[in-house]
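Each structure below is given as structure tokens.
Two complexes come next, and they have one chain in common, chain A, joined by chain B in the first and chain C in the second.
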Partner chain A sequence: MELRKETGMLQILDIEGNFRKELEPDIPEELLLRMYRTMATVRKFEEISMGLQRQGRIGFYIGAAGQEACSVGSTAVLGRDDWIFPAYREPGALLLRGETVLQLFHQLFGNSLDYNKGRQMPNHFNSRKVNVVTPSSPIATQIPHAVGMAMAARIMKRKDVALTFFGDGATSENDFHSGMNFAGVFKAPVIFLCQNNGYAISLPTRRQTAAETLVQKAVAYGIPGERVDGNDILAVYSASARAVERARSGGGPTMIEAITYRLGPHSSSDDPTKYRDKEEVEEWKRKDPIRRMALYLRRKGLMDERSEKKIGDEIDSEIRAAAKKAEGTPRPPVESIFENVYSEMTWNLREEMEETVQRYGAGYTGK
Partner chain B sequence: MAVRTLLQSVNDAMRVEMEEDERVVIIGEDVGRDGGVFRATEGLIDKFGPGRVMDAPLNESGIIGTATGMAMYGLRPIAEIQFMDFIYPAFDQIVSELSKIRYRSGATYTAPLVIRTPYGGGIKGGLYHSQSSEAYFTHTSGLKVVTPSNPGDAKGLLIAAIRDDDPVIFLEPKRIYRTVKGEVPDGAYTVPIGKASIVREGEDVTLISYGASVHTCLKAADEAASKGISAEVVDLRTLSPVDADTVISSVEKTGRAVIVNEAPKFCSYAAEIAAIIAEKAVDSLSAPVLRVSGFDTPFTYTWENVYLPDAERIMSYISRSVAY
Partner chain C sequence: MAKQFKLPDVGEGVAEGEIRKWLVREGENVKEFQPLAEIMTDKVNVEMTSPFTGKVLKLSAAEGEIVKVGQPILEYESDEEEGAEPVRPPAEKRKESPPVQAPAPGARVKATPAVRKRARELGVELASVRADDPSGRITVADVEKAAGGGDSAKAAATTGTARTAGKEERIQVSGVRRKIFERMTESKRKIPHFNYTDEVDMTNIVAARNVFSRRLGEGVKVTYLPFIIKALIAALHDHPVLNSSYDEKSNEIVVKRNYNIGIAVAAPDGLVVPVIKDADAKGIAQLSGEISSLAAKARTGGLQLADVQGGTITITNVGPIGGLFSSPIINYPESAILAVHRIQERPVSRQGRIELRQMMYFTVACDHRIIDGAEAAMFGNRLIEYLENPYLLRLE
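The block that comes next holds the complex of A and B.
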């Protein structure tokens, strides 16, 4: 069998805002504006959260700046009952589906209104309300879950599909290969969306794999693959729409490699100047997905300078108010440490809880 | 009631639950057409079809990972790992994912998955078909770990595990799959998870064990009886959450405890039982708590009969305990 080398990538919207009319996906205006607003919210949310982290008010932050089109463009094609299995650069997926900025801040602060009850580091967003499944820190582990959920949907004769996000580094992990192989064998309705941002922390993709592209790994698993400009929201949307259509109609899984770039550090603990040049970052800033979408919306007559500024202002005040509110929300009571380990608390956890309550007092939420 | 082997009652439990609850599905290597390498799933694919009895590619983390996703979505999957010795590729999926989904999501997501796996020595399986690695899993919060020693418990505990809202590691003592037989009720019933059982009452010493070793303990207890020592035998049945009350009341009665299991001794599950006794019943003890375990070596092929605790070795520890 000849090895297909999918080295090209689909681009519909270029960096100047020009778009290829014949490939332009048909996206309702209301959705387009919501997609833009979500991307802009993610960017601003990150700016403010990084500030909170630098001031020691939250412990950690993992940014998505530069990659917003990947999660927003793909989530936009899903139905409400489809499930998303995120990595950790996809707050856009939650926001586009209607989760609030306030809820994300509750997670960053690990307070009593955080769905996770203060048990996870920042940026491990989950929301049952919008079918975004609880993420973890180990890499690629969510991939087989997405495949299993998709297999279950078929077994239960439902039409729901799974979308899972992961990065270039994840393609070296066992679970990526497990998930891809099971999906191929069971024809699971799942979309594998690889955000190839060029680096797994410091390791460039060319050192992650000798393969010319990541999407060619799909060939080995009998899965169709597509490579897109991940900073072009129209390309991401259009490839995702094809993948979802294939999944829902019984055609099985698809892998999408979205070429993108993380403009900021890997996390608030990372110093990217150690492993990449300033020039490279500057070059990618010119490919900014949000700016590109703004240009598109202007050309479509859906946004002008005034409305763009108005959206920006609204986002800014919404985020600042939410941050304040979340920071002022008390921590979960100390007993919550011992809850939800099991469906019912076991005797040894009860013993530990009682000892802890004796020390701190019942319902202790800190000083 | 019918006389069944432990293996047949495992099969029966799955059949009964699959009939009662269409959310119950099976995934594992060779579980379909082949009926599993030990035949635990024999006949199930014919009855329930390949959609519910899924032959998986040879990849343990894929089996556990996909089954976890199925469980989160609403199925009640049973994943079979062919031998416990092969569970380690799935270790990350079990320890980092499955066990923590309820906790890390604040119970907005749960994964009620049963992992069935044959474990333990005695079938000439050498290093890689004999291990007892329960301690890795009992050390992980969020998992329940269950192991039956007889057909009646096997069926009732497996049904309880399938119905449980938490992930359960169901360890099947393969050495006694076909050798231990007993009356097993027809239809569905449960044996509660978290409850030990006193399989032989005694006054002088408590033998605490689980799985296949329970039968070795019973043999040792017979031998002890012939020497005038009355041994009580506790079958833990559930390793986590452990029924400490039953252990403690027995030790309070006898004043002596000998813990018997096949796993290597150092940092083993037996050490936890010894610690619980030390913390909660030290005043009742007339002798140090003793452990009869596998050696602190990998499992062995040629000398497996020496590696595994037998009645004679257990008897020598009983004697030491009583003579103290």
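The block that comes next holds the complex of A and C.
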């Protein structure tokens, strides 16, 4: 039997902004501009958030710079009722679906307006409003969840599909194999989007797997796979559109391997200069997905220098204002730590809460 | 007004950082998020940006200096409202908070949910419990001690606290009662018991006791127990396997050459078994004295650990209360227990005539793994011989 390998990589938009007309997806102008704005927002959001972390104003940050096209390009294909099971570099997925930058800052500051009341690790964004499930820090756990949701949708005879994001390292995890296998056997309507950024924290992909590509793992599970330039928003969009169409029409799952690169550190606790050289980073900066999309929009006549700058300025002031607002929002009161575990508070929790209130005062926020 | 900027934790759990390079000068106006300095830590090298828009007044740390997290590194002035300081919500806003009763103001109770549960069961106010641990953490033991009402001897003797609700009373199993639970369960689970019952004519012992009683005079209470102990020891000489225990670890039967006789005593909190050590070397008078002193200690909770340890066989005397005979449970890890009952004048046949004699039933319960039925029966016969012919105790 011949082993089918997808060693090639779909690219529609090159780094100069040239694009292959015959492959160009038909994306409404309004959506294209929103996609661009979202990607640019993610980039600026990261710059400010990393600054907040370095200044000691938030505890932790995980960046997405360089990978914005993966989450934005794939999310753009989904309908409102579809579900997203993210890893942790997908703030773009939330923003494109209508979540606000302010809400993301509430999460980073863990304040009283954070959906999770400050209990989640910073940067583990979720939003019930836009069907984005809360991420777990352990690698690949979201994959079986996505498959389960997809199966549930099918059993309930709904047309919803699930999109799950994970990195190259996740493809070595049991959850990846369990999820892929199950989805393959039962034709679950799910899209497995692997953002292969070359490193699992500091571990390069060649130490992660002996497989030539990650997408070839899909072959083993009888799942169609596509390998795309993850910094090319048009390629990500068109591969995702095919995958979603397949899932929605009963054709089962698809795995997409998006080749990309994170320009910053793994997280605020990581120093990538210890395992990557400068030349490599510089090379990937030339492949920047946002710059490429800007060039594309200019060629399409949807944006010019002036409007690009205007968008940039709007984003900048929106983000700075949101950061200030979130930082000034009170923390959750001390009583809140006793809530949300049981639907009715147990006597021992109540006692503890009363003691805590006695000790710190009602509404104490730690300052 | 001058404000200070302190070195934040720029990584995750870093303790200190080196100022590699200042990117601003004293007197310079800076904008928020403008790079301030390059910081090197053992984890990351970072470009630290400014949290304020304002004027740098003073750089408090030199380039190359290693600074602890939290140490001021820069003085600045800024007209901005400090957005960084979260505003505490007004207290009125939180009227829905639950009413507070419980602990004394300022007191903080350190107790896990399990300990809290126990305190609730025992009706103990946690704030009043003294923690044994220097950290102040209250444990289940502290709570139980508090429930027992103070010193440890009393706590050990306590049966537990009772809660009465409706038609039942629930008694916490603790202290002596808990020990009894454990020991009895262990004995019955591990030892295949059998009982051997017979009756014995105690007329001569009754007579002997009366002699001793007269001899020792008023004020000394002589019971039948010392005589039974002497007869028991004599019978054990002939059947030593009843004076043994089973060593589980080495899988050996340990036959004892000493005679430490446990005496089951009904103390107020439950059964206790003080031990008369080397009873074979002690006379009736001494045994009488020891029995009454141990029994008194047992009833007042004054027994020491040594008083209840080292038994080789146990006697339980049900006689003062009544009963025909019983099936006692062996005091684990011993291999036999002797239950003696009420001495009653009963008509019995002697050489073709009905006579009234002082009769007593006794039961010996044995570990059937160690002691065969025939052995127990022969032991019973020998015990009867000694009790019916007390002079033999002296002659042999």
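Basically, the second predicted complex is superposed on the first by the 367 of 367 C-alpha atoms of A that agree within 3 Å, B and C clash if a C-alpha of one lies under 4 Å from a C-alpha of the other, contacts with A are read in each partner's own complex, and residues count from 1 in each chain.
One rule holds in what follows: contacts are C-beta pairs under 8 Å (C-beta built on N, C-alpha and C of every residue); 3 or more make two chains touch, one makes a residue touch a chain.
Not measured: the values here are computed from a predicted model.
S.K.: Report clash or fit for the pair chain B and chain C bound to chain A in the combined superposed model.
M.R.: They clash: once the shared chain is superposed, the two partners overlap in space.
S.K.: So, A:G179: does it touch chain B (first), chain C (second), both, or neither?
M.R.: first
S.K.: Go through the superposed model and pick first if A:N126 touches only chain B, second if only chain C, both, or neither.
M.R.: Touch partner of A:N126: chain B, not chain C.
S.K.: Once the shared chain is lined up, is A:W347 touching chain B (first), chain C (second), both, or neither of them?
M.R.: both
S.K.: So, A:M156: does it touch chain B (first), chain C (second), both, or neither?
M.R.: First partner only, chain B.
S.K.: Who does A:Q55 touch here: chain B (first), chain C (second), both, or neither?
M.R.: second
S.K.: Which partner does A:P144 reach: the first (chain B), the second (chain C), both, or neither?
M.R.: First partner only.
S.K.: On the A-aligned overlay, A:Y115 touches which partner chain: chain B = first, chain C = second, or both, or neither?
M.R.: A:Y115 contacts chain B only, not chain C.
S.K.: Can you tell which stretch of chain C bumps into chain B once we superpose, 97-105, 115-123 or 205-213?
M.R.: Among 97-105, 115-123 or 205-213, the clash with chain B belongs to 115-123.
S.K.: Which chain A residues lie in the overlap of the chain B contact set and the chain C contact set?
M.R.: Looking at chain A, the two contact sets intersect at 347-348.
S.K.: Give every residue of chain A touching chain C within the complex, in rising order.
M.R.: These residues of chain A touch chain C: 47-48, 51-57, 59-60, 111, 265, 267-271, 273, 320, 324, 327-331, 333, 335, 347-348, 350-355, 357-359, 361-365, 367.
S.K.: What part of chain B is in contact with chain A in the complex they form?
M.R.: Going through chain B, the ones touching chain A are 25, 51-52, 54, 56-57, 59, 61-62, 64-75, 89, 92-93, 96-97, 100-110, 141-142, 144, 164-166, 194, 240-241, 244.
S.K.: Quick one: which bits of chain C touch chain A in the complex? Just the residue numbers, please.
M.R.: That would be residues 6-12, 32-33, 39, 43-51, 83-89, 91, 93-94, 97-103, 105-106, 108-109, 113, 116-117, 120 of chain C.
S.K.: Of all residues in chain A, which touch chain B in the complex?
M.R.: Residues 83, 85, 114-117, 119-120, 124, 126-128, 133-134, 136, 138, 141, 143-153, 155-156, 162, 174-175, 178-179, 181-182, 185-186, 339-343, 346-349 of chain A touch chain B in their complex.
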